[in-house]
Amino acid sequence: MTDKTTTMAEAIAAFVHDGDTVALEGFTHLIPTAAGHEIIRQGRRDLTVVRMTADIVVDQMLAGGCVRKLVSSFVGNSSAGSLGELRRRIERADPEPLEFEEYSHYGMIGRYLAGAQRLPFYPVRSYAGSDLVSVNPGLRKVRSPYDDGEQVYVVPPVNPDVTIVHAQRADRSGNTQVWGLTGIQAEAVYAAKKAVVVVEEIVDDDVIRRDPNRTLIPSHAVDAVVACPRGTHPSFAQGYYDRDNAFYRGWSAISADPGRLRAWLSEWVFGTRDHPEYVAKLGERYWAGLAVDDALSLPVNYGKRREHAR
Amino acid sequence: MTDKTTTMAEAIAAFVHDGDTVALEGFTHLIPTAAGHEIIRQGRRDLTVVRMTADIVVDQMLAGGCVRKLVSSFVGNSSAGSLGELRRRIERADPEPLEFEEYSHYGMIGRYLAGAQRLPFYPVRSYAGSDLVSVNPGLRKVRSPYDDGEQVYVVPPVNPDVTIVHAQRADRSGNTQVWGLTGIQAEAVYAAKKAVVVVEEIVDDDVIRRDPNRTLIPSHAVDAVVACPRGTHPSFAQGYYDRDNAFYRGWSAISADPGRLRAWLSEWVFGTRDHPEYVAKLGERYWAGLAVDDALSLPVNYGKRREHAR
Amino acid sequence: MTSTKDTTSSELLSVVASRELAGKRTVFAGIGLPTLAASLAHLTVAPDLEIVYESGVCGAHPSQLPETIADAVLITGAEAVLSMPALFGNVLQGGHIDVGFLGAAQIDRWGNLNSSVIGDWADPSVRLPGPGGAMEVMANSGEVFVVMRRHDPRSFVDKLDFCTSPGPDRALADGIRPLGAGVTRVITELGILARQGVGEALRLVAVHPGVTADQVRAATGWPLEVAEDLATIEPPAAAELRRLREEVDPGRVYLR
Amino acid sequence: MTSTKDTTSSELLSVVASRELAGKRTVFAGIGLPTLAASLAHLTVAPDLEIVYESGVCGAHPSQLPETIADAVLITGAEAVLSMPALFGNVLQGGHIDVGFLGAAQIDRWGNLNSSVIGDWADPSVRLPGPGGAMEVMANSGEVFVVMRRHDPRSFVDKLDFCTSPGPDRALADGIRPLGAGVTRVITELGILARQGVGEALRLVAVHPGVTADQVRAATGWPLEVAEDLATIEPPAAAELRRLREEVDPGRVYLR
């Protein structure tokens, strides 16, 4: 049992370097926002960010000047509007161009699957006839070696230098449990050279071992474990706190104005030393508005062999 | 909410026909033995059985005269010895030949994945240099369309006429929950044209909905739900009863002798009307020897939105 | 008593779309009008309908109206929550979705959709969110319904600026056998355009009361064919509106 | 006091194999000698060692000695239980296994293994269980250890009846770049055969006290090369045997 716990500052310093390819996953649920903020605080540059749904945290990292290239399948502020910085970068190269490599969701999923499984490609049934094929040379065709000789598009593997995901809980060695929407996090971790897991809480080994089927990411795939409660805000952690929909709705106006966006970053990212300060700055009353009541699962029986047996 | 509950006899009559391709999955855990016995009772013929680990239930179905062809990646009585009937069929065509299509475990997994995902093939990293390639024309190579032009073996999809799996519990509509070893059951169900789920118990909808992450097979993929407690014997159901290791050890001697094997079938399969009779015939004292004590998981919180919110 | 006079645009589109789901079993729906239509259909013409969400939720029983496809209220009490590989691979690509709902900035006569850019992809005047899972919904659903609030030549175009989600005709031209029929219904404030599948263009099959075929032609950027037996859409019935207003969206979150 | 005199064959093989796991992090092991070796190594030379089972169990903490790789006691209290696609795809093919243990009916000088048939595949004299996951363990583990109870020319053959699980040399000859080194250690009652990787044949690198190189040559079905610095294996130490007997398998289930 290796203790891999560390602080967010140390994890980002150790595992995210200028020029790295960094995957941040979490599909609406469990978005690793606090990790993105720490990357901004530490002033990383020239990152290639891989993220299926490039949303607020990506817009913030773009505004923080951290990102040279984006690999994504959806670039929008959820259903709440636009990402101002992202659109300025893409539509007007303002303040600088953004390299953009675009896939569909399943294309991204396939890339993670291929990366996790050390496959040279992953076949998908979509893409036929899409103009994406003409702007993304990574999309290629393979012919089936079976009788029908059918063709199918394939996507190339992605192997990020580091994948960062957020989860409800882990033990000190990185056995990580997730419930609610589980997205693509496990495959994104397995596809990466290094993996950082950020959690709402680090729990006793026994809590994990009482329910091994909830462990989606085993410790052998994890390099660092960071406790960072409320680290997904404005995203949510099922059973811990709700999504801050008002923040999402407000973001479109903030990010539409470069001045406001930079002021926001100054106040909330550069103006806080770490995520606990960000949490405290929002205030307990604010968090009370995102609190959820209990809806507990029923226990299942894993069973224990009797001593009498055999 | 469609009620799909039925009896084992009705499910086998409705979904397993002479000449069908039938997948029975469950990797050591949750083997659908009772379904195999009912197939024998109903006298199905010329089946193609697809099963990663062809073990006791397959040996029994072979002896029952149900099987023309076997598709598998492991043919043995676990680590407890040989399958007598299977070896006689393969080594001596006694009493008749057995068509055998052989893969490795991951080849079978890939076939189910391709079948479930409607892919023309699934790529795997193994098989290079194996003699299996020379005896199984289903194993082919594909060249990567990316720079390295690397080659990789692929396996063809499998789409059984019906897949039968056993699980701990389901609701009436087929939302199926499994814990402990989960194997390849979900993919085998999705790969099939029809799917029958056999369970230790049918539970209230609320039990399932209190823990949706445990539902590995959603109702939309299920055609029939059969309650059949202890239906995996001599396999086990985590948290319900233990594996009958003595039965496994005893099987090698039974199946080594065609006479004994047929006598066993007469007594235990043809001699019982259904699985409840088989269970009763073993007797409560026998089952007490396989009973397990409780080891309950801790509940997790899914959370409930407060009315105050937003 | 429920008044059918003050029917809003959202109500009209939801009711009309719900009727098209008669007898369907599985629908892939986003939040907003598709969810309203599917929820209403569940209460009326498609009692066995299951809504599957892109986030991985199957058989949701939300305590409140969800605000996103990943809303926590969709998860708590759901029948199943799947990983993204399972949702996209087994459920969607595996062929378990009867009807997928999609939206788009532009649609052409073959039901091809653009949700990527206005202008050139490499130097767009407007960068839109992009494909998300729309390409997979198009490629793998049995058929696709599109609900478009705006019916005008800027959205119903002769030529897409960019084809994000191609219908089966474009897939075939690319040498790949399509798995679904593509867009079969486009429901707008003016009427319903429809097509059956490969080789067929969208044509006007029904109009709302008071709308003429010429009006729809004028609002469409390609020479729109009109069905010989052009139907008039039955206005929302009082019972439909009552269920929509009182049971589906009592807080009028989407029934703006 | 632990007697080292009455060391059984199983104890000898377990202890010798455990030493070879020094510093390793992940091992893919079946039940029996591999589990004993890995469990002993965990207590001695490889404190961070994790045993991964083909059934999907990672980080098991069994209450009793498991009887199969899928034993219920491996699941209760484990750190993780994975589906088969995750175990074979992400963990094994993904390259997370340092050492895989394999057995076989036949092994050749390149570490290729036969676990399928004696005789012809289509008409075998003995049908063996077949590949299971052995082919994937061979192809994807960093290296593979083989523990063979029997060291004789019927098992150590010049030519396999059937190559079930090919080493990297055969993979390369088939035009595919191998991911692992293949068999690097074969541990038997006579000694240890070893090779580094592609292009290298197994050669005798160590013998048990009292065993001569000629004895091993005679027991091997191909002309066995012997290392110039042929070592003599240190017999099991009292401390190793004590831990094996008292902590790993106190019921002597596998220490027959």
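Lettered A, B, C and D in written order, each chain numbered from 1.
One rule holds in what follows: a residue touches a chain if its C-beta (ideal position, glycine included) is under 8 Å from a C-beta of that chain, and two chains touch if they have at least 3 such contacts.
Please read these numbers as outputs of a predicted model, since none were measured by experiment.
When each chain is reduced to the average of its Cα atoms, D sits farthest from chain A.
The interface with the greater count of contacting C-beta pairs, when A-D is set against B-D, is B-D. Looking across A-D, B-D or A-C, the pair that copies the B-C interface, with over half of its contact pairs the same by residue number, is A-D. For this pair, chain A with chain D, the centres built from the Cα atoms lie 39 Å apart. Work out the mean CA point of chain C and of chain D, and you get 57 Å between them.
Averaged C-alpha coordinates put the centre of chain A at 29 Å from the centre of chain C. Residues of chain D found to touch two or more other chains are 57, 67, 72, 75-77, 81, 89, 93, 140, 179.
The set of chain B residues that touch two or more partner chains comprises 113, 117-119, 125, 141, 150, 152, 179-180, 182, 186-187, 210, 213, 238, 242, 245, 292, 295, 302-305. If you sketch which chains touch which, the pattern fits none of the simple shapes: not an open path, not a single ring, not a star, and not all-to-all. Pairs of chains in mutual contact: A-B, A-C, A-D, B-C, B-D. On the chain C side of its complex with chain B, the touching residues are 25-26, 48, 50, 52, 57-59, 61, 63-64, 72-73, 75-82, 86, 89-91, 93-96, 140, 179. For chain B in complex with chain A, the residues that touch the partner chain are 117-123, 125, 140-146, 148, 150, 152, 154, 156, 168, 177, 179-180, 182, 207, 210-211, 213-214, 238-240, 242, 245-246, 289-306, 308-310. Across the complex, chain A is touched by residues 30-32, 54-57, 67-72, 75-77, 81, 83-85, 88-89, 92-93, 112, 116, 121-122, 124-136, 138-140, 160, 162-167, 169-179 of chain C. Chain A contributes residues 27-29, 52-53, 72-76, 78-79, 86-87, 90-91, 102-107, 109, 113, 124-133, 135, 141, 150-153, 179-184, 186-187, 236, 238, 242-243, 245, 292, 295 to its touches with chain C in the complex. Looking at the complex, you find that chain A touches chain D at residues 1-2, 113, 116-119, 171, 173, 175, 186-187, 190, 205, 208-210, 212-213, 215, 217-221, 302-305, 310.
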